[in-house]
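Letters A, B and C mark the chains as written, and numbering starts fresh at 1 in each.
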Amino acid sequence: MRSSTPKPLHRLAGRPMVAHLIDACAEAGFGRAVVVAGPEPAFAPMRAVVAPHPCVVQHDRLGTAHATLAAAEALAATRGEAMVLYGDVPLVRPATMRALAARRRETGAGLALLAFRPADPAQYGRVILGEDGFVTRIVEWRDADAAERAVGLCNAGLFCAPAADLLRWLRQVGNANAKGEYYLTDIVAIARAEGARVTPAEAPAEEVLGINSRAELAAAEAVVQRRLRAAAMDAGATLVAPETVFLSWDTRLGADVTVHPNVVFGPGVTVEDGAEIRAFSHLEACRVGPGATIGPFARLRPGAEIGAGAHVGNFVELKNATLGEGAKANHLAYLGDATIGAGANIGAGTITCNYDGVAKHRTTIGDGVFVGSNATLVAPVRLGDGSFIAAGSTITADVAPDAMAFGRARQTDKPNRASAFRARCKEKG
Amino acid sequence: MRSSTPKPLHRLAGRPMVAHLIDACAEAGFGRAVVVAGPEPAFAPMRAVVAPHPCVVQHDRLGTAHATLAAAEALAATRGEAMVLYGDVPLVRPATMRALAARRRETGAGLALLAFRPADPAQYGRVILGEDGFVTRIVEWRDADAAERAVGLCNAGLFCAPAADLLRWLRQVGNANAKGEYYLTDIVAIARAEGARVTPAEAPAEEVLGINSRAELAAAEAVVQRRLRAAAMDAGATLVAPETVFLSWDTRLGADVTVHPNVVFGPGVTVEDGAEIRAFSHLEACRVGPGATIGPFARLRPGAEIGAGAHVGNFVELKNATLGEGAKANHLAYLGDATIGAGANIGAGTITCNYDGVAKHRTTIGDGVFVGSNATLVAPVRLGDGSFIAAGSTITADVAPDAMAFGRARQTDKPNRASAFRARCKEKG
Amino acid sequence: MRSSTPKPLHRLAGRPMVAHLIDACAEAGFGRAVVVAGPEPAFAPMRAVVAPHPCVVQHDRLGTAHATLAAAEALAATRGEAMVLYGDVPLVRPATMRALAARRRETGAGLALLAFRPADPAQYGRVILGEDGFVTRIVEWRDADAAERAVGLCNAGLFCAPAADLLRWLRQVGNANAKGEYYLTDIVAIARAEGARVTPAEAPAEEVLGINSRAELAAAEAVVQRRLRAAAMDAGATLVAPETVFLSWDTRLGADVTVHPNVVFGPGVTVEDGAEIRAFSHLEACRVGPGATIGPFARLRPGAEIGAGAHVGNFVELKNATLGEGAKANHLAYLGDATIGAGANIGAGTITCNYDGVAKHRTTIGDGVFVGSNATLVAPVRLGDGSFIAAGSTITADVAPDAMAFGRARQTDKPNRASAFRARCKEKG
């Protein structure tokens, strides 16, 4: 990856890939997860990402079986089944996890492994089946003969077994091989030597895509986006050009919501029924009320709350701001740390000056207020209900309800001076 | 669809899908159309969409033949041929419609039906042909035997026949079936029973895609966009990345127009020869003159008229506004209800205050006017030719030609006070 | 193409396609290039595009051999090998060029030609091989018999041979054919008649795509973009949605740079390690320092230099401007011809008025300056280190270090007047 960030902490649809996997486990019915992390400082954020699930550290990198044994304590404390997954194979669906577990129980096998049929099997380990359909062995590509290489079924490396059995097998894995590593795959032979049967369960190749480069990361992102878009459309949203809409893992779109081309949703966004998100909009950690219209070219930052039927137009940014029902901020505005009442009209070029260089302050705009264009509202400031702010004003003090406030200079003209001024500029230039 | 909008009124390339179909009929040479609509209030907008073509209501939903009979009066009044299409199968091309009609005439058949070969025939009805190449019957998937299911030719459900014959056959369709419905497909057997031959005409599967979900709606949009982009490039426009340009059904791009990535065209846009539309621009119901440059990040709303060689730059919005030949509005501006003369220069941050909370007013800017940055122009207002508006001014009264106008406060400085102010803010914070 | 611009001057990834080809030649080890151009005035820009390589003019269009002979002087002066390429076949990779030359030498052939296997061979000329694997002849589709048409190997028209041989063969090409043209392909037969062997070298079909329409131009752009994106990801940048990122031929992205969806890079951009380019950003001829954050909705124009860890937020444009280390310009600003110090904070709506209608002037903002929102800075102007500009101010004179500057009117309120004003507006409206 050429990255200082560990692979499982790279993001898909707005959150670390390992978090996708943990959620899928929970949805599949696995009650707890234990995450094995590397010892490097770069893994430090992992603990917070996977909480409340615990994180254990593999101090030396001695192979996949050795890594799994870092979770030995948890395995020993588990009565039911355990599943081994990889932080850099994040696309396994809950249904596939459930199918893997069910397959083991239904076939009476001791161990189930996930297999797949890649378009190009290349150098994957091949899954060799006996006549009874159970696995006889996994053969690595370099050890395989021509007949074995012709097998299309490959080993994805994911296993499911009763936790106690898994732990026992893991402890028998040796490292008498070229690299001196403990390989998880060896549990297949160990289980079979105990008399246990090993069953394959097949998964779509897309789900067991491992991520080892930025290109594979992008390919995985594409898979996740395709799933999220399909789910949003199934739930009743229109995505005019779904391939141009980027969703987060937790984006919620109501019924008859329309999303136009080129919209990006960061984490934490809810859009209620019938709202319209126009092209080139960017939303993060915000809520859009029913029937509201956003964009084009709108930016909703964390804490933006848009009321029912409200309008946010082009080149408008809201941050930690509430826009009341039916209120409008249609053009070129920055509304930060603000509360804006129902039916208010925010003119083009309006800026809430929420920051004095040291602290943030709040702007409160009442119901039905008219804020003229290019107004500068110096917070903390409060505009009473129904008040009117003249265009071009800088407002530094509270305005009473129904008052008109002016904070601009009078116009003065100098007749017949423009051409003289231009001539002077030319001389100087 | 999980939608409160009837399927034929969902939009493709900016207009209801049924409108696409009606235009295609006209282009194929069918002189009139009759649209059968459901009785629900949600169908009310249909009448305006299809006008001047009439809309008839099918009060009970008793099947496709019953629906077609809602247009019985029109069929009875028609001397020539009639074609039956579906409001949710909107991608049939005029050439395909003409081919369907021609095929009937050329083969001497009484009835022609549109057939297609889907990648996965699934549960479509199969078109069974005799040795003479004419249709012997349509067999529904559930009634088909293995040999019939192996047939790849499927029934798209579209028919063409002389109107009088069609009407007679429709009236013979019965409802003695499991659902008690009147099926249009039954006219195949009825026509044959009369001795008429039934010919198939094959269409690309893409054209007879029916739209039953948001995902299929998005797929149809993709087909329409592909057609529109190809036509625009054929006509001599460069689309740098065509898959990122969204066109409307009526977008007109001149020769040697260049459209950069990520541009959205709403309905009603004309771009004249040699103009350049840069990335992240959004245009609706506007006209861009020859050689003009728009964007990146420009928004042209309805009524924007951009003169030859004029420039509209980033974060600039025009609405109901004319920008004269060679004029420039390069940065961060809102120009609404405005007339701007040739060669004028509109500074960054300029806002036309066209709305006083009640009504809209007009701003008129003469030829060669220089509007300084962050100017606030309170309409109605008129800036004479060659006048000069100082930066930061609020202008509330007309400015004479060649005058310089100021509407800003004088600067006053408080030496050595910034650090003290910061300290005070910190104490308060 | 329906274009007034000659094909080789149409752009791919931000520069004329012929320039791509010239660079590939150099990378392949060919020390000099000679470009043959048409005689029309539209070819005039060619000379600058290909400099320092010379451009020769083919005055009459008498075929490809005739065009190549326009470079006869250069061929006569060349001791080593020469390669014939086409300005409208710009995607040939250096490795393919090298392989073409190497193939000739390794096989002892006198002439090497580039061949390819298109998905649909259509009417391309077929390359007919003898049993020894050498070319026996090129047969045009219209002259080919059924067996020859079944051959999948087609002639791309690119040749490599010692320059002296090439020149001699070119001079023997005649024009005794239907169109009376001199065809380059004829050198195959001429070389063979001399006893030279002719070897094919195969290239991926994608590389020899000829560009004859806007659609093919767009397809070639897609190929170039795919290559550039893959190279950027290999080098350690994360492209969240690579298919939405448009790169220029010279874009440089450092390690652990993240590029979000929908970003457009014009020519001349360098992004240093760890910087983040958020969605909907547009960059040209600028430099982004390590760890800086750009966008969403940011526009960096030529000459923008962003310091380490600095922030450029939404609807902000920089042109010919330096933003110091850790400085912030987060919202709605135009910063042109400006130098901004480290740690400065530029408020929302700030505009540098760099243009007086005649010339451009510079704004200099010191370290740690706080520029309040909606400030209008009339250049030339200098804000001293640590100074503070009040929100809404127009600043026309230099501000001393640590001074506070105000340039705005005092606020005045008119109690209980807003509703009366509205009533009056309604009467007038």
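Everything below uses one rule, namely that a contact is a pair of C-beta atoms (placed from the backbone, for glycine too) under 8 Å apart; a residue touches a chain by one contact, two chains touch by 3 or more.
Everything quoted here is computed from the prediction, not taken from an experiment.
Copies chain A and chain C of the same sequence differ by a rotation of 120 degrees once their CA atoms are superposed, given in steps of 5.
In summary, the pair chain A and chain B forms a contact in which the copies contribute largely different residue numbers, shared numbers making up under half of all those used. If each chain is reduced to the centroid of its CA atoms, chain A and chain B end up 32 Å from each other. Annotation for chain A: residues touching 2 or more other chains are 244, 262, 280, 297, 315, 332, 349, 356-357, 370, 374, 388, 408-409, 422. Interface residues of chain C facing chain A in the complex, by the touch rule stated above, are 230, 233-242, 244, 255-256, 260-262, 279-280, 296-297, 313-315, 331-332, 345, 347-349, 356-359, 370, 372-374, 388, 391-392, 408-419, 421-422.
Touching chain A in their complex are the following residues of chain B: 1-5, 10, 213-215, 217-218, 221-222, 225, 244, 246, 262, 264, 280, 282, 297, 299, 315, 317, 332-334, 336, 349, 351-353, 355-357, 370, 374, 376, 378, 386-388, 393-397, 399-400, 402-409, 422, 425-426, 428-429.
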